[in-house]
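As C-alpha cells, here come the structures.
What follows is chain A paired twice: with chain B in the first complex and chain C in the second.
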Partner chain A sequence: MEHSELLVDYSRAQFALTALYHWIFVPLTLGLTFIIAIMETIYVKTLDEKWKQITKYWMGLLAINFAIGLATGIIMEFEFGTNWSNYSWIVGDIFGAPLAIEGLMAFFMESTFFAVMFFGWEKVSKKAHLTSTWLVAVGSNLSALWILIANGWMQHPVGMKFNPDSARNEMESFAEVIFNPNAVSKFLHTISSGYVLASLFVISISAWYLLKKRDIAFAKKSIVVAASFGLVSSIFMLTTGDESAHQVALNQPMKLAAMEGLYKGEERAGIVAFGLLESEKEIGDDLDPFKFMFEIPGALSFLGYHDVNAFVPGIDDLILGNEKHNIISVKEKMIIGTKSVQALSDYKKYKKENNTIAMNEALKTFRATSHYMGYGYLKKPEDALPNVALTFYSFHIMVTAGSWFLVLFILVLYFSMKNELTKKKWLLRLAVITLPLGYVAQECGWIVAEVGRQPWAIQDLLPVGMATSNIGSTSVMITFWLFAILFTALLIAEVKIMLKQISIGPEGH
Partner chain B sequence: MFDLLTLQQYWWLIVSIIGALFVFMTFVQGGQTLLYTLAKTEDERDVLVNSLGRKWELTFTSLVMFGGSLFAAFPLFYAVSFGGAYYVWMAILFCFIIQAVAYEYRKKPENFYGQRFYEILLYINGTLGIFLIGVALATLYSGGNFYVNDMNLSRWATQSYGLEALLNPFNLAFGAMLVFLSRVQAGLYFLNNVNEASISSRVTKVVYSNFIPFLLLFLYVFGTILFQDGYVYDSSTLVVSIESMKFLHTFMLHPSLAIIILIGLLILLYGVYIGAVKQKSSAIWWSGTGTVLTVTILLFILGINNSIYYPSLADMQSSLSVENSSGSLYTLNVMSVVSLLVPIVISYIVYVWRSMDATQITIDEVKSDSHHY
Partner chain C sequence: MQSLRWIYSLYYDGFVNMKVGKTLWLLIAVKLFIMFVIIKWIFFPNIMKENFQTDKERSNYILEQLTKEN
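Here is the complex of A and B:
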C-alpha cells in the first residue's frame, strides 16, 4: 500500500508535534522526582522542617509539570495505532511488549504512589511517605527504560525474524531486545539528560530568588542539592553521550554522517566544533559542505569507533557506495529490496494457489534478500538521506549546551561551598538564563535521534512511507492542527501557572 | 509452555479483566459529571474534586494499560481499529488529554482560562469520553467497516473513519449505558470516600435517577448481544460465517460463565440497593465487584468458542478473532511471564488505597492540605 507524501508528512508532523511537546515535560519529571526524593530523605534524616517545606515546594512545581506530561504522553502510545497502523502490525509483535510492560511496571507504580506523595503526608508514616516518593522517581525512570528499549529497537532492530506467513517481524529473543546496546546507551543518556535539566530547573529558580534577595535559605539549600546532583549527572551524561555516538556509528552511519555534515568519508575524520553548512551542497558534487568550520582532527573517528585512524563513511559513500570500503550503494540496496518485496508477494500468491515449488522458490529469494527489504519501498536513493542541516545544527547545539551545563554546575557548586554564591550576580543571572537552553538542548536531542534516522521507522527495514495508517491525509491534517492548538493552549496555561507559583514562592507570599 | 490458542485466550481474558477494571474505575468520570449535582457550595465541590483527584490517575493508567495489552497481545486489532476508526479514537484521546490537566490547574491562581473552564473539561471527559469509549467497545459486537489484505495490512471502508458507528442504536445505547453506570458508581464512591452529610444526602436521588436508565439500557444491550447473529470462524480453515444467537449458545455451552455474569449482576444490584437505600459506605465495593465480573464475562465471550471479537461489516472474511490477530507464540509466552506481575501490582494498589482511604475525606481536610485540587 503506497501512501501519499502529504499523508506521510502530516503523520510524521503529528507524531513529532506530540513527541516534542511531551518532551518539554518528561525530562523534568525524570530528574525532579529524584531531587525531591533526595530532599525528602534529608528531611526524614534530620527532621528539619525547613527541608520538608523545600520538598513540598518543589513537589508543587512537579505536579504542574507532571499533569501536562501525562496529557501529552497518552497520545503517543495510541498514535502508533491511529497513525502508524502498518507499523503496528509489521513490528507490533516486538514493539508492543515493552509498551505493555511499561504500563504494568511503571505507570501503575507512578500513579499509585503519586497520590501518596502528594496527599499522604498526614495519612502514612514518614518512612512510608519517603518510600512512596522514591517509588514515584523509580516508576518514572522505569517508564523511560521501557519506552527507550522500544525506541532503541527501532534504531537498531535485533532479536526478531520476518515471518512471511503473517507478513510481519516476530520476536525471537526478548533478551536481545531488552539488552540491545543501542537501547541501553539511549536509556542512560536520556535519563541523565533529564537529571541535568531538573538540576538546571532547581538552580535557575533558586538563583532567581537569590537575585531577588528573597527565600535565601531555601534557595541556597536547594541549589546545593541540585548542583551536586547536576554535576554527577552531567559527567554521566557526557560519558553516555560518547557511548550513544559509538552505537550510532556502528548501526546508523548515515545519522552520524548527517550529525557531522560529513559528505566524503575519511580516515582520521574530525569533529566540527562549529561551522556553517553550505546550503547548495548536493550529494556527490565537489562543493565544500561548509561555508566555514573549525574541526578537531581525528575526533570523529575516535568518538565513533574508538580508533583515531578509523574510516568514517560520509553521505556520498553511503548513498553512492564505496567499493574500497565495501559499502554498497542505496541504488543497489533498492534493487535487492524490490526483489525482496516482490518475492514476498509471490510467496503469498503461490501459497494461496497451493503451488509448493514456486512458493519455496519465492521464499528462498525472499530469505536471500530480506535484509534490504525496507529499501524496496524507497522511490529514489536520495530518500535515504535525513535532513542534514536540522540534524547537524541540533547535534551541535545539544553538545555545546551540554558542555556548558557541566561548567555551570561546577561554578555554582564551587561558589556555594565557599558561601559566595549570593555575591556572584553574574553567575546567578547566567544560571537563570541557562534554563531555556536546557529545554532547547532536550528538544535538539530528540531531533538528532529521530530526524537523524529518517526515512526509517525501523532502521533499514521499514521506511515511514510504508509505516503509516491507510487513511486520508485530510483526516491527519485536521487532527494535527487540533493537537497543535490544544497543546499550545495547555502549554500557555502551564507556563502561566508555573510562573505564578514561582513568584508566590515557598513561603506562599 | 502453553499452546498458542490457550495463550491467545489467556490474553483475551487479561484484556477483558483490564477492560472491566477500567469500566469500574470510570466512577471518576461519573463523579466529574456530578460536581454541580451533588455539591451545592464551592467547598463541597472542592471536596468532590479532591476525592476524585486521588484516583483519576489510576483510571487513566487502566485505559493506557488496556491499550498497551491490546497492542502487545493483539497487534492486528490495534492496527485495524485505531488506524481505521481514526476519528472515534482521536476524539477519545482529546477527551482524556483535557482531563489530565484539569485537576491540577483548576484551582491554581492565574490558570489562564478560569476554574469553570477546567470543570467543563472534566465534564466533557466524564460524558463524551466515556460515551465514545462505550461506542468503541460496542463495535466489538456490532462490527466495523474495515478490510484486511493478504499482508495483514488494513484500511477503513468509509471516509467517516469510525464515526458511522454513531448511527447504530446498539452502539449509542452501549455508550450511554456506560455513562449512567459511571454516575451510579460515582455516587456510591462518594458515599464511601467523602464524609459530608450534605453530599451523602443527595446521593440516593442521583443513584436512582442514573440506575434506572442504566438498567433499561443494559437490558437492551445484553438482550441484543444474546439474540443477535454472531460471527464465528472455522478453527481449521479460519473461514468466517454467521451463527444465529451465537453468544446465547456460548453461555449455554459454558454455563459457568452464565452463572458468573448472573452473580455479577446480582452483586451489582445489591451494591446499588445498600448504597441508595441504606447509605452504606461499602456499597461501592459490591457494585464494583459486580461490574468487574459482568464486564469481564461480556468481553471474554468474544474471545472463546470460535467467536469473532471484531466483525468486519465491509468484508466478513477480514473479521478478527483471537487466532488471526494475536502476537506470536514466543511473544505471548514472554508476556504471560510478565503478567505474573499483575498480582503484585494489584496488591500494592489495594494496600495504598486502604492506607489513603482509612479515613474519609472532609472539607476541613481539603482546606488544610497545602496541596489540593
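Here is the complex of A and C:
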C-alpha cells in the first residue's frame, strides 16, 4: 500500500535536505586531503619550511570543514531506520556489508591517522607524518567508495536475489555488487568532482590573497599545486562523466531522457548545449519540448552509447513504448509488475496453507516477473517520469560549470607558469567567484543522480512510495524543519570560522 | 605501556595546544549532543526494532506491506 503523499514528500524532502547539506562538506574533504598530501610531499622532498607552513594552513581549513561536516551523514542512518524502514529492511542484506566496512574504515583509518596528521608534527618523523597524511586522503576516499557502492546498487541492482520468505534482497555475489559498473563510474566521477572542488577552494582563497596583495609567495605556490591537481582531476572527471552517462544510458534510460529533455527518441540524438524547456509539454503531445535550444548533433548518441548513430529513446518511447526499437511501454511493465506482486501474495498465501505445488508455481511466476515488480505499485504510467525540468537544468548547470572549471585551471596554470598571474586581476576575480559555482555544481550532480532516478528507491523494483515507513507525517515535518535550522546553523558556523581563518591568513597560524 | 603513554601524549598535547580546534571541538560536542541525544532519542526510533521482536515478524510485516492491495 502506498503511503500518504505528504509523508512520502516530506520523507524525500528531509532526506534530500540532509544529503545536500552533508554533500557541502564531503567533497572538499575528499580533494583537500590529497592536495595537502601533495604539498607535504613537496615539503618532505625539499625541506623548505614554507611548504610546511602552506601544508599546515590548508590542514587548518580542512579541520574546520571536517569538524563541521562530521556526523552530518549519520542523520541519514537515523532516517533510514525511521522514515525508510521498509526500504532498510528490503535492502538490509546488500547495504550491511559495504556500510559496515565504511564505518570501520572511517573510524579506524580516519580517526587514527587524522590524529597523527594534526597533532603529530613534532611527535613522529617527517616520513611517518607524511604517510599518515596520505593515509587520511586514501582513507576518506575509500569511505566514499563503500557509500557509493551502496548507492550504485540502488541505481542498478545486481548480485542479489529477492527472498520471498524474508522479504529481503539477499546478496548472491559480493564481487558483482562491488564491481557494479554503475557504482565504479559513480565513485570515480564523484571523487574526481571532489578533487575539482578542493582545487577551486585553494585557488579561490589564494586568488583572494593575491588580490589583497598579501601572502603572495604562499598564494602563488598553493595555486600552482591546486591548478595542476585541478587540471588533471578535471580531465579525469570528464572521462568518468562520460562513463557515468554511458551507464545511465544502459540502465536508466529515463534518467538520460530527462537529463536532455528528450521526448521523442531519435538516432544521432544531439546534446542540448543550452535551452529553455517548454513548461506546457506533456507526454505524447506534439508540442516542442523547448522554447528555444541549441544542440550539438549526434553528441547524445555518442555520449550514451559511444556510437554517433545510436538510437536514444525519449520519454515518449519509454512511457508509451516503441515497437520498432523493442521498448515496452510502462503500461505493459505495470501489468508485469502487478503479476509479480500478485505472485508474491499467492506465495505467501500458499505457504500458510502448506500447498507446496501452488507455492512453487507462484514462486516461478514471481521470479519470471520480479524484474519489473516495482511497476506493480505505480498508479499510472506517468508516475514513472522524474521531474524533467529539475533534472535537465541541474545536469546542464553541472556540465557547463564543469567545463568552465577546466578552462579556469588551464588559464590559472598558464599565467602562473608565465609568472603573470598577479597582473591578471580579472582572472583572480573570476577565480574567487567561481568557488560558490563549484558547490552549486556538486549539488546539481547529486540532484541529477537522485531526482533523475525517481520514482525509484531501487531501480524498477521499489518506488519511493513503497519504501517509506507507515508513520505519521507530523514528526517527519517537524524533523525536516529542525534539520533545516540545525544544518543552516552549521553552515553559517563553517563559513564564519572559515572566513575568520582566511582573513587571519597563513602568517597567523 | 610506553606506546600507550605516547598515544596519550599525542592526543593530550594536541588538544592542549589547539587554537581554533577548541572552538571546533565545542561545536562538535554540541552538535553530537543535539543529534544523538535530542534528535535520535525523540524523533528517530528504529521502527523495525521497536515494533517487532523477531526477524520473522519483521519479514511478515514487510511482506504484508508489499502485497497489501493484492
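Methods note: the second predicted complex is superposed on the first by the 504 of 509 C-alpha atoms of A that agree within 3 Å, B and C clash if a C-alpha of one lies under 4 Å from a C-alpha of the other, contacts with A are read in each partner's own complex, and residues count from 1 in each chain.
The rule is simple: contacts are C-beta pairs under 8 Å (C-beta built on N, C-alpha and C of every residue); 3 or more make two chains touch, one makes a residue touch a chain.
These numbers come from a predicted model, not from an experiment.
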item: Side-by-side fit of chain B and chain C on chain A, or clash; value: clash
item: First, second, both or neither for A:257, with chain B first and chain C second; value: neither
item: Touching partner for A:490 - first (chain B), second (chain C), both, neither; value: both
item: Touched partner set for A:115, first chain B, second chain C, both or neither; value: both
item: Partner chain(s) touched by A:85 [first = chain B, second = chain C, both, neither]; value: both
item: Touched partner set for A:8, first chain B, second chain C, both or neither; value: neither
item: Chain B versus chain C as contact partner of A:272, first or second or both or neither; value: neither
item: Touched partner set for A:412, first chain B, second chain C, both or neither; value: neither
item: Contacts of A:36 with chain B and chain C, given as first, second, both or neither; value: neither
item: Which of chain B and chain C A:101 touches, first, second, both or neither; value: first
item: Greater chain A contact set [chain C / chain B]; value: B
item: Where chain B runs into chain C (options 81-89, 243-251 or 297-305); value: 81-89
item: Chain B/chain C common contact set on chain A; value: 1, 60, 63-64, 67-68, 70-71, 74-75, 78, 81-82, 85-86, 88-89, 115-116, 118-120, 123, 166-168, 344, 348, 469-471, 475, 479, 482, 486, 490, 493, 497, 501
item: Interface residues, chain A side, partner chain B - complex; value: 1, 56, 59-60, 63-64, 66-68, 70-72, 74-75, 77-78, 80-86, 88-89, 92-97, 99-105, 107-116, 118-120, 122-124, 128, 132, 163, 166-168, 170-172, 174, 344, 348, 352, 469-472, 475, 479, 482, 486, 489-490, 492-494, 496-497, 499-501, 504
item: Chain A contact footprint on chain C (complex, rising order); value: 6, 9-11, 13-15, 20-21, 23-25, 27-28, 31-32, 34-35, 39-40, 43-49, 55, 58-59, 62-63, 65-70
item: In the complex, chain B residues that touch chain A; value: 50, 54-55, 57-58, 60-61, 63-65, 67-69, 71-73, 75-76, 78-84, 86-87, 89-90, 93-94, 96-101, 103-105, 108-113, 149-156, 159, 161, 327-328, 330-331, 334-335, 338-339, 341-342, 345, 348-349, 352, 355-356, 358-359, 369-371
item: Footprint of chain C on chain A - complex, ascending; value: 1, 60, 63-64, 67-68, 70-71, 74-75, 78-79, 81-82, 85-86, 88-90, 115-116, 118-120, 123, 164-168, 338, 341-342, 344-345, 348, 466, 469-471, 475, 478-479, 482, 486, 490, 493, 497, 501
